[in-house]
Structures are given as C-alpha cells and as structure tokens.
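If you scroll down you'll find the structure; I have some questions about it.
A, B, C, D and E are the chain letters, set down in written order, and residue numbers restart from 1 in every chain.
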Amino acid sequence: MTIVELITVIFLVVGCFFFLAGTLGVLRFPDLFSRLHALTKADNLGLGFIAAGMALHIASPWAALKILLIWLFTLLASSSTCYLIAHFQKEQDQLKNRKEGE
Amino acid sequence: MTHLPTSSFPALLVGLPILLATLSLFFGSKGRAVVGLAGSLLTTALSLIAIAEVTRRGTVIHILGGWDPPLGILLRIDPLAAVFIGMLALVGVFISLYAWWYFRVREADTGGLPQFWPLWLFLWAGMNGLFLSNDLFNLFVTLEVVGISAVALAVLSGKTTALTAGLRYLLAAITGSMAYLFGVALIYGSTGTLDISLLGQVLEPGATTTFALLVITLGLMIKMAGFPFHFWLPPAHSAALAPVSALLSALVVKGAFYILLRLWMEVFGVSLTYAAGQLIGVAGAVAVIWGSWQAFMQTSLKLIVAHSSVAQLGYLLMVFPLLILAPGVTTDSADWLSPAWTAGIYQVISHAFAKASFFLSAGIIIMALGHDRIESLRNLVGNMRITAMAIGLAGVSLIGLPPSGGFMAKWMLLKGIFLSGQWWWAPVVLTGSLLTAGYVFMLLRLAFAPAREMDTFRPVPKSLEVVALLLAIGSFLIVFPADFLIQFLESSAVFGSGIEPIMEGGEYGNN
Amino acid sequence: METYQIYSLTSAVLFVIGIGGVFITRHFIKKIIATMIMGGGVFLSFVSFAERDALTFADPVPHALVITGIVVAVASAAFALALARRIYQQTGDISFSNDK
Amino acid sequence: MSLIIDGLLAILAIYLALQSLLAPRLTQSVFLFFAFGLALALAWIRLAAVDVAITEAAIAAGFLGVLFLDALRDFAPRIPAKNEAVQKQYSKSQTKSLFLPRLTLWAGLGLFLLIALEAVWKIPEGGGLTAAAGTLLPESGVENPVTAVLLNFRAYDTWLEMGVILIGLLAVFAAGGKMAYRKPGVASQDPLLRQVILFFTPVLFLFGAFLLYIGKTGPGGAFQAGVLWGAIGILLHLGGWPFIALMPRWLGQLLLTVGLGFFLVLGFLFMAAGGALFEYPPAYAGILILIIETLAAISIAAALSAIFALLNQIGEEADEIESTT
Amino acid sequence: METTSILPLLILVSSLIPGILILLLKEEQVGLRTFLNLFGAVAKVSLIAWVFAGYLRGEEYTFFFSLALDLTFSLRVDQLGLFFAALSAVLWLVTTLYAIGYLEGGMHRRRFFAFFSLCVTASTGIALSGNVLTFFIFYEFLTLSTYPLVVHRGTDKAVEAGRTYLWYTIGGGTILFLGVVGLFVLAGPIYFGQTEIIASLISDYPTQLTILFFLLLTGLAVKAAIFPLHGWLPVSMVAPAPVSALLHAVAVVKAGAFGIVRLVYDVYGVGVAEKMNYLNVLAAFAAFTIIYGSVRALFQDDFKKRLAFSTVSQLSYIALGVAIPGVLTSTGAIVHLVHQGIMKITMFFAAGNVAETYGYKNISQLNGIGRRMPLTMGAFTIAAFGMIGLPPVAGFISKWYLGLGAVEAGSYWVVLVLLASSALNAAYFLPIVYRAWFYEPEYEVSRLRQSGRLEAQALLLIPVVVTGLLSLAAGVFAASAGSPLSIAREIAEKLYMLL
C-alpha cells in the first residue's frame, strides 16, 4: 500500500464518518433548523473528504478538477437549499405566531 | 420477411399525421380545426391508397433506417394490418367530419377545445403505427402514444367525472403497458430479438415464455378492457365528449386486441395450450353476459353504449378458443378457422361502425336535450328522425340481425363454434344477442313513445345527424364486400391459421 | 449466482410490488408511484439481461429501450399527476370513491 | 464482495419500493420514492448502464421528483382536517372489508411473485444484440453504442418517444381544461434564490451541452441534455422568470416541435431521395445525429419545463381557490 | 348453376325503393308519396304476373349474390314461392288503397307507408328466397320493419304491444338463427328443394337433425302463432287496421306458416319428417291451437281481438295440413294460405271500416250495423261464411281438402278437430253476422254522422268489396284453371311426385 492509497483510505473513512454523523443528526435532532444544520454541514464536509480521496485515487488532473467542481456545486446547491428551507420555515413560524397572537 | 417488396407507405402512414399534428400546433383554435380536418382527409386518402397498393403487390414492408431486424425496426402492411388501417381510416374520417361540426357548435361555450385536433391526429398516427409495427418494443411505444392521447382526449371536457374516469383509465393503461413491457423484456432476454416474425421462429417454450405470455396477455387485456379488467371503460367512455367516446370505443380498444391476436397467433404458438384458449374464451363469455346485462340496467344513454362495448369486446375474446386447436386436431383438418377469423374481423369492423354511430348519436341527443337520461328519448322519432334511424340501424347491427355486419360476425362465430364442436359457447352468443336486443329495443320503444314532459329538443345541425346515420349504414354496407375482403385477408399468412398446442399440461402450461 | 441474476430477481419482485400497489393502494399519488415502481422493475430486468449479454460493451439495445421507456413512463406519470391534482382541486378527493 | 454489494443494493431497492407504498404519510412516500430512484440509478451503474443511470437520475428521480414535490403542495399539509377525515374513512372501510378477499389477494400476489421469480430465474440465454450492434457500430456515425441504437438503429422508437413527450404536454394542457399559458403574477422576492438561479443557468446550459456532445462517444445524449436544459426552465420559472409564458407563442411552439419536426422532415427528405425513413448516409450520419440531438434536446427541455409550469399552475390555482374560500 | 336473372330482385326492389324514397320525402308530399306507393304496388303485381307467365313457359328465374365463403344470397322462383308472392303483392295493392283512405289526415303517414313497403319487400323476399339463409335474412327483416307499424299510434298501449311483439319475434328469431347456423354446419348451404341432403344425413346425425328441426320449427312457430307462442298476435291488434289486415292476417303470420311449409316440404322433406315422427308433434300442436284459438275467440268482445284469435286458430290449419302427409292435405294447407289470407283481410277491412266510420270497436256495439253499411257487412258475411266452411266460399274448399286428406291418411281425429273448429267458428262469427243484420240499431243514425253518408268512404269500401268477392270467387271457380286451388294442387302433386 503506497502512501497515496493510505491517504485515500483515511480520507474516505473520515468522509464516511461525517456522513454517518450527519445522518444521525437528522434522525436525532429535535427541530428542523438543527436537523438542517447537521445535514448540510456534516454532509458537505463528508463529501469533501470523499471527493478529495477519490481525486487522489484517480490521479488525473482533469478528473480531479471535475471532482472538485462536483463538490463545489453540491456545496453551493445544498447551502442555498438549506437557506431556502430555513427561510420558509421561519416565515411559516412567524405567520403562525402572528395568528396565535391575534 | 425482409425479402418482401418495400414501399414508403408505412412510413408515410405514421409520419404524415404526426407532421400535420405538429403543424396544427402553430395555429389557433380555428386554424387547428382546418388543419385537423384536412389532415384527417389526407390520412384517409393515404390509407386507402396504401391499401390499394397492398391489394396490388401483397404484403409490403419498410425497413426503417435501412437496418434489418433484429437490430432495426421493420414496418409492414400485410392484408390484416391493411384491413385494420382501412377501418381506422373510414371510421376516423366520419368522426373527424362530425367533430368539425360538433366543435363549431360548441365553440361558443368551450372555445372549440383546441387540443382535440392535434391529439386526434397523434392518436391516429399511433394507431397506424400500432397496426404496422412488427417489433415488440415499438408496439409498446405506439401503445403509449395511443394510450396517452386517448386519455387526454377523454378528459378534454374538463368535467370532474371525465377527469376521474380519465385518471382511472390512465392508471389502467400505464399498468397494462408496464405488464406488457415486462413480458417484452423477458422475451428479449430469452431470445435476443424483438421482431415478431423472427420470434415466431426462435421462441422456445418454457417457464419464461409462459410467464411472458401471461403478463403480455394480462397487460393487453387491461388495455382492451377485457373482463375482469373492464372497470375503467364505462366511466371513461361515457364521460368523454361525443366524438371522443366514438373513437375511443370504436377504434382505440381494437388496438390492444390487434396486438393480442397477432402475438398469440404469430409468436406464442409454442406456449399456448387448449386450456388457455378456453380460459380467455370464458373471460369473453362473462364479458358478453355481464356487459350486456349492465347495459340493460343503465338509465343514461352513454352508459348503455359504454357497457355495450364491454360486451362486444367479449365477443372478440370468444374467437380465441376456436383458434387454439384441441390436441390431435391439425390446422388442415380444422375447417372452422376461416369462419372464426372472419367472425373476429367482422366483429371488429362492424362494432367500429355501429358503436361510433351510436356514440355520435348520443352526442347529438345530449346536444339537443342537454343530458342523456333515456326517459327523455320519448318521441325521438318525431323530433329527430335521422338520429332515431341511426340508433336503430346501429342497434340492429350490434344485436347481429341480418343483413348487418354484426350478423355476419355472429353467424360466422356460431358457425365456427358448431364446426369446432365447442357448442358450449353458443348459448352465450345467443343470450348476448337477446340482451343486446333488450337494451336496443328499450331505446327504440322510448323513441316511439309519446312525449310526456315537455322536453324541448334544441335544433342540432343536420350534418351531425347525417354523419351518424352514414356510419350506421356503413355497418350494413360492409357485408357486401365480404367475399373480396376474405379473399384479400387469406393472402395474409396469419389469417386462417390456428395453433396446434405441442403438448398438454405442465406445471402451468407447457414446460 | 451471477450479478445479473440478483438484479433480474429484484426486477421481478419490484414488478410484483408495483402491480400489487396499483390495485391495493388508494391514494392517487401512491398509485402513480406504484406504476413507476412497476416500470422500475421492468427496466431493471431489461438492463440485467443487457449486462448478461455483454461482450466488450453491454448490450446497447436494452439500454436504449430503457431510456425510451423511462421517458415514456415519466410523460404518462406527469399526465397522471396533472389529472390527480385537477381532481383534488375540483373535488378534494384523493382517491377513487368505492362505487365503480 | 461484489455480490454482497449487489445484494444489499437489491434489498435496499425492494425495501424502498415497499416502504414508499406503505409509508403512512404521503411526504414520506414521495421522499422514499426519490430514494428508490437513486437506488435504481446505482443499480444501473452496477450493471454498466451509465446512460440509463444518468437518464434515471435526471428524469425519473429528478424531473418526476420535482413534479411529485410540487404536487405535495396540494396534497400533503394544506387541509389536514379533511385529509384526516378521509384517512379515518379509509381505516373504517378497511376494517369493514372482509378477511377472505384480502387473503385471496395476498395469496394471489404471492403466487404471482413465485411464478415471476421462476420465470426470470429460468430465463434462457438469448445472446442479445451486442454482437450485431458492435458490427454495425462503425456505420452508425457515432461511437457510443447506446446513442447509435437510439438515434440510428432504432431512431423510429426515439422519434415516436419524442412524440410521446409532446403528447404528454398536450395531455397536461387538456387536463388543465380551459387554462392556457398564464403569466404568474409575482416573481420570487428572495434575492439569494435569484442569484443562485442566475449562477446555475449557464452552468446547467454548459453541462447540458457537454452531455449532448459527449453522447457521441460516451454516456450522455439528447435526453439527458434535454432534462438539464429543462431544469433551467424550471428554475427560471420558480425564480420568477416564467420565460415559457413570456416568450411569443410562435417561438414557444417552435421550440416544442422543432426536435420532432426536424427529425421527421429530414427523414422524409432522405426517403424522397430513395432511402428509407431515418436512413442516413454513413458519411454524414455523425453530424446529422448531432443536429437532431441538439434540436431534440431543445424540444425536450421546452416540453419538460412547460409541463412543470403547467402543473405548477394547477397548484397555484388550487391555492387561489383555497384562499378565496 | 342456372343463369341468374335480375327479375326476382326487381320484384323486391319494386317495393324496397319506394319504401326508402318515401322515408326521404317530406310529410306534406302526399301526392308524390301516393304515386310512389301505387307505382310500386302496380309494378310489383305486373312483375309477378310477368314472371308467372315466364315460369309457366318453363323458364327459370334465379338470382345469386355471394356474400362470403358459402353465404349466398339467393332468390329463386318456384311455384310455391310465386303463389305466396302473388298473394302478398295483390293484397298489398288492395291494402295500399285502403290505407290511403284509412289514414287520411293521420299522423306520421310517411313513416307508415315507408315501413309498409319495407314489410311487403320482406314478405316477398321470404316468398322468393332460394335458400335457408336468404329466408332467414328476410324473416328478421320482416320483424324489424313491422315494429314501427305496430307502435305506429305511439300510445303507451301500442308501445307496450310493440315490446311484447319484439320479445316474441326476436326470441323466435334467435332460436331460428341457432337452427339455421346448425343446419349450415351440418348440411351446408341448403337450397329449397334439396331434400336429398337431409335425407342422406339423417341416418348419421339423427339427434342433431331432430334438435335442429325443432329449433327451426319453434322459430317459425312464433310468427305462425302456434300455441304457446301466439301471445303477441292479439296484443299487437292495437296497430291501425291496414296493418292488422295485411300484416297480421297475411304477411307476418303467413311468413311463419310459409316457413313451416318450406321447412317440411323443401328442407327436410316429407319423407324424413314423417319417418322421424316430427309431423305427429306438429299435428298435435296445430290441432290444439285450432281448438284453443277458437275457444279464446269466443270470449272476445273486442272485434279485432276476436279476429286475431280466429287467425291463431285458422293459421294452424295450414300447419295441420302440412303435418298430415298426403297430396290432398298438402293441397288444403297450401290453398288455405291464400284463402285464409283473402277472407281474413276482408274481415279486418270490415272491422276497420266500422271503427273508422262509426268508432265502434266492440262487437256489442254492432247492433244493426249491416243496415247502415250493407256493402261492408255483406263482404264480412261472405268471409265469415267462408271461415266457418260453408260452401261455396273459399274456406269450404280448404277444409274439404283437409278433411278428405285426413280420411285418406287414416287420421280420423283430424276430421273431428275440423268439425269442432267449424262449430266454434260458427259460434263466434254468426253472432256478429246476426247482430249486424237483425238487431235494431241503438242510436239515431243522424246523430252518429253529420256527413249524411252511411257507408264508409269509397277508398275504404272498394278494397273490402274486392276481397270479399275474391273470396267468393276463389270458392266458386275453384275447379277452373288458374284458380288458387288448381295451383295448390299442382304444387302438392309435384311435391309428392318428387318423393
């Protein structure tokens, strides 16, 4: 096993760990906001590690670039979706509170 | 099959209506109607020329893309396909004419429903493609073209009943397609070909083939509303607009029957048993009795006609037990094959004409009265004699009284039944006829009865009535070219063929 | 057992789940999902046979058929969805009433 | 090892399929169906069907998933009272329904499953058409065998399938009753969403074009590209630029029909020249296929985004009706 | 096969085309309609006369049209068929005149005359059909074209009657259909006169052929109103008088009786039918129907109903004559086909005249009617005497031959049936005659009719007088050449010569 392979394995294991943690968070956290938190943060990190591991594994600069792009796009998409969901929930909550206030 | 003469008609028969449908999308409501009607006339003319070509040259083919099967797709018009295409063209052109005037009258309150024409042309192209196709997967695609456009047409009115019935219809259609496709997958997996002619040579009996036969039959039975999968048909056909009901009932369900007939006779011969034929015959027999009885019990005209479709399709299924020979009987010694095939073909054609006429007449009555409860048919004869006559003639053809096309079908069916010695089907045919007579004459009795409440008949364009009457007359005229038609069909390989089951029994069929 | 057999057996299971689901479930959306599951099963069987018949590349014909099939299935599902939503919008019904 | 992975994947797919039908809440069903689609996509990869995997992910899981999600707006949370009442009604009628018919039903399904399993287990080796496709691949003008089958060997199926998409759109129109293209009122106010959409539009376009072009040699092609471009339309619609509704009618219709129409007209032209329908001279086949694919992708994209827009509108109408009552 | 001739088809077309054209006319185009109708009727009679003359010269007239496989539409002229066709055509001409007068100013006359023509087409078609299939086609066609006439008045009662009529005839038609198809399958397309086919098959398929015979017989017996299938006939008397007259005295019921004649003589052959004991069953049913019909007639007060039950009874004479083998009984049966037609149509015309002129529908109202309508009631009286079997009216001839034949065949019970029936006939017809001539009128004549004319109008009167005289003439000149009797005798002799 070369050093590159070792690093790859480590990256992949760490990535999987973050994914696992994120999933656990989704399942265990009480409300939407904290669940989102777990999902986006941990998963993005996990994906990042896995992407890095794979990039090392493939060892072709073009492929590595593609993998990097995939990670970036996922990052962008998940963070904006997270923002939108949270925003929507906040509006709904405010609406609810207002109604209850009346 | 690739040695047969080629012709570009098969490609045109599918391509032209789709081209026109696409073209019509660029127009507004009025323009679409013009393009649609012109397209119908053109397609009819093309179909008739194509049929003339087939009578002259025999079966013609078109190898799409120049790639021979099994890799490519082959379209062919053999006499059987030509007869179905001809039926589609003749009935279709009348329905188009009817629709032209129908939507002009309804323009005021619906804006003419601009989706009708493109969808109808797509449906037509799909049906043509279905009749022409010689490829199992291509048949699936055409089935979907037909299925989606048929449901879309059925929900055009936008009424809740139509939408609900349409969804039921659509789900049934998708389920049927998927079941069919599963069978196709298994067949492809076990033979590596999709071409029907090749499959007829290479398909081996076995558990896989039997199961493929089962799911394909199941899927097509759902699509053609064979008992016990008839539940979707009456609501869907009765809730649609009149021209749509007519074309759904007269034409669309025949597509699945056509595929079923072709596949049973040309592909699955190796896997069919005598019992399979009897089983599907029982399904047909129950449909005949049940459908007729249900029709008899209805109180609205369109529901009567729709339930009657279930029964009339049952007669089609009753042809199958005659085509699958008992052990020990060979095709040459079975002299009932020709009558049985004739019965099937005539049932298809005469039902197409008669049912189209019936639904179009129902549409006229709804237009005149605003509803179709049958008590309001009182004194129809006095108010709309042409429509009354159309209903009468179409009804007579459905009952199977001479000299209608329906009579020809029932005569040949009974003859086949007696010749084959399967006499147990005869009471079903007769009971079905009597029940049909029951509901047809229930309508006629009301039509002659004196008006009770003051139901005012609004004036309806004469042209609509005349179209319906012409279709009804058509269901009688089709008897006259019978000799020619049968001779023509006999030049097709499949017509008059029977299946000699290789062996009996097995776990659930031939193993 | 070979790879393709795992998937072809799965395809049969999915097909049966789908066909059962179409008849047993009541909600419109679930019925539509059931038809799509049926479709998934069918496509899986096609592709599993393609893998079995692979030479230098897998049999491309089933792949092409499945791509066509998926698109067709999605088109019908979209239409079904439109109908279901219209019915719900007009009546508030989410399933067929029991009278047939 | 690989058998275990495949087995796990298979079990996962079956579990997700069952759960998506059995889940008590509709939202769960829809999300599980999403997951089912992704599991299938993985299965395609395992079966070396990358083209199918992309299509599955893009259309079946992606596009259809979006439609289902949009439908959830109607069905899932809005009027819980009514839904509950209906649910109650169900449970009532379920307890009422007899034991015996249900037993027969399950037994029948079980039997059917057994027969089905036997059928796929005992399937003979048909050999497929791999060899035939391989031999003729050089004449097809493309290098990806799947594209060769789709756009050349079985171009007729593909052409009809594009017809099906168009018919699907017309059908959704028909289901919408008298509703025509309607311009949605308010654009989304959220600045972030708009920026993200604006950012993604060219990216998606580029990626679509890439898939389209790469389809000649590797996995990719008109359908996958069409869906990505269609996603642009969907995003723009959601972001408040309903470009389908805003563009002139004729242009919209042209976009919708150009793929199908060009495909056919080209076919007719070559047929008039003496060939068969969809028969291309091998020398030009590659370029012709690329043109056809491009136009097809445009039409598919237009049709998919129009379907989404129409379905979305049905939901909006429902909202309006609700808010007025 | 023989060369085809268009003439038999022309005979059909001569009423078919006017029928269709009339349907297309407007209600107000009375003149054109009447012209078409009369033109058709005259053309038909002349064509039949022409064909008859040709036939006597020994020419063959056949027409073929192959529909499909072995389904052949065939028209053929033979003596029996011509005999029946001539009866229909002549009586159509007469009835058309009558109907023009009867329906003057009525509703839906276009429909009436159109379907009337179609009915006659059907009954001539039955007469001229050359094979079983063609016979069946026209048989069903007759059912359908009669229906609008039965419900012509459009009242609820008429519509109900129409329903009963249809259930009986469609049911019978279905059974007949089964029989016809079965016969086709066993014996191929049977042309009338080819009795040798069945004769050669009977030893191989005795059970099947017996079942088929009784299926066919049942189907035909419905229209021939043989007990217990007679129920539709009295009910459908709600139809207008010309309909009752032509259709329920001649066209429809005779189609059934004619069919039985064909079935026994030209399909199965007397030999087979006798050997297999079919005829005994038929004879039993016929004899019972004769008595049953007469008894029921006795208790009817409604004039037309009494006539209807009398028809039920009289029709079975034909069946009975067929069922007793022998030249004499056959002659009696065939000649009764004509004689009963002429006499019964006279009676229906008379009943129609009374109803139309005075509005009387019941027998109890007929006191002294003969004094006011001497010609009508005179004709009626002649016909009634004929029905009873008094010489020299036509009915006597038929009964005489039937009785003579029965004695010759050794079936003495038939004579008893005939006598009993005659007594019953007398019991229900003579009171009418007596009441009409010898009772005092109950009402002031002037109050009943303002026009001052006592007898029915000319168009109604001429037909009844003509048919009355015809029924007398058929009896008086029975022995001369060309009379119904001589033709019937010729037919019967030919039938038995073939054996």
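FYI, a residue touches a chain if its C-beta (ideal position, glycine included) is under 8 Å from a C-beta of that chain, and two chains touch if they have at least 3 such contacts.
From a predicted model like this one, the values you see are computed outputs, not experimental measurements.
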(Q) On the document's contact criterion, could you list the chains that touch subunit B and likewise touch subunit C? (A) D
Q.
Following contacts chain by chain, what is the lowest number of steps it takes to reach subunit E starting at subunit A?
A. 3
Q | Any chain that touches subunit C and subunit A | A | D
Q: Please flag the chain sitting at the greatest distance from subunit B, going by CA centroids.
A: A
Q.
Based on mean C-alpha positions, which chain is nearest the centroid of every protein C-alpha shown?
A. B
Q: Find the two chains joined by the most C-beta pairs in contact, please.
A: C-D
**Q.** Maximum centroid distance from subunit E, chain identifier (CA atoms)
**A.** A
Q) With chain centres defined as C-alpha means, what is the inter-centre distance between subunit D and subunit E in Å? A) 73
Q. When the centre of a chain is set as the mean of its C-alpha atoms, what distance in Å lies between subunit B and subunit E?
A. 43
Q: Averaged over CA atoms, how far is the centre of subunit C from the centre of subunit E? Could you give it in whole Å?
A: 68
Q | subunit A and subunit B, separation of their C-alpha mean positions in angstrom | A | 55
Q) Which residues does subunit D have that touch at least 2 chains other than itself? A) 116, 119-120, 123, 125-129, 133, 149, 153-154, 157, 161, 164, 167-168, 171, 175-177
Q) Which chains touch, pair by pair? A) A-D, B-C, B-D, B-E, C-D
Q. Quick one: in the complex, what on subunit C touches subunit B?
A. 8, 11, 15, 18-19, 22, 28, 31-32, 35, 38-39, 41-42, 45-46, 49, 52-53, 61-62, 65, 68-69, 72-73, 75-77, 79-80, 83-84, 86-87, 90-91, 93, 96, 100
(Q) Quick check on the complex: what are the subunit A residues that touch subunit D? (A) 73, 76-77, 80, 83-84, 87
Q) What does subunit C use to touch subunit D in their complex? A) 1, 3-21, 23-27, 29-30, 33-34, 36-37, 40, 43-45, 47-68, 70-79, 81-86, 88-89, 92, 94-95, 98
Q | subunit C-touching residues of subunit B, taken from the complex the two chains share | A | 71, 137, 140-141, 144, 147-148, 151-152, 155, 158, 160, 163-164, 166-168, 170-171, 173-175, 177-179, 181-182, 185-186, 188-189, 192, 194, 231
Q: Using the touch rule from the top, collect the residues of subunit B that touch subunit E in their complex.
A: 338-339, 342, 379, 381-382, 385, 396, 399, 401-403, 408, 410-412, 414-415, 418-419, 426, 430, 433-434, 437, 441, 444-445, 448-450, 479-480, 482-483, 485-486
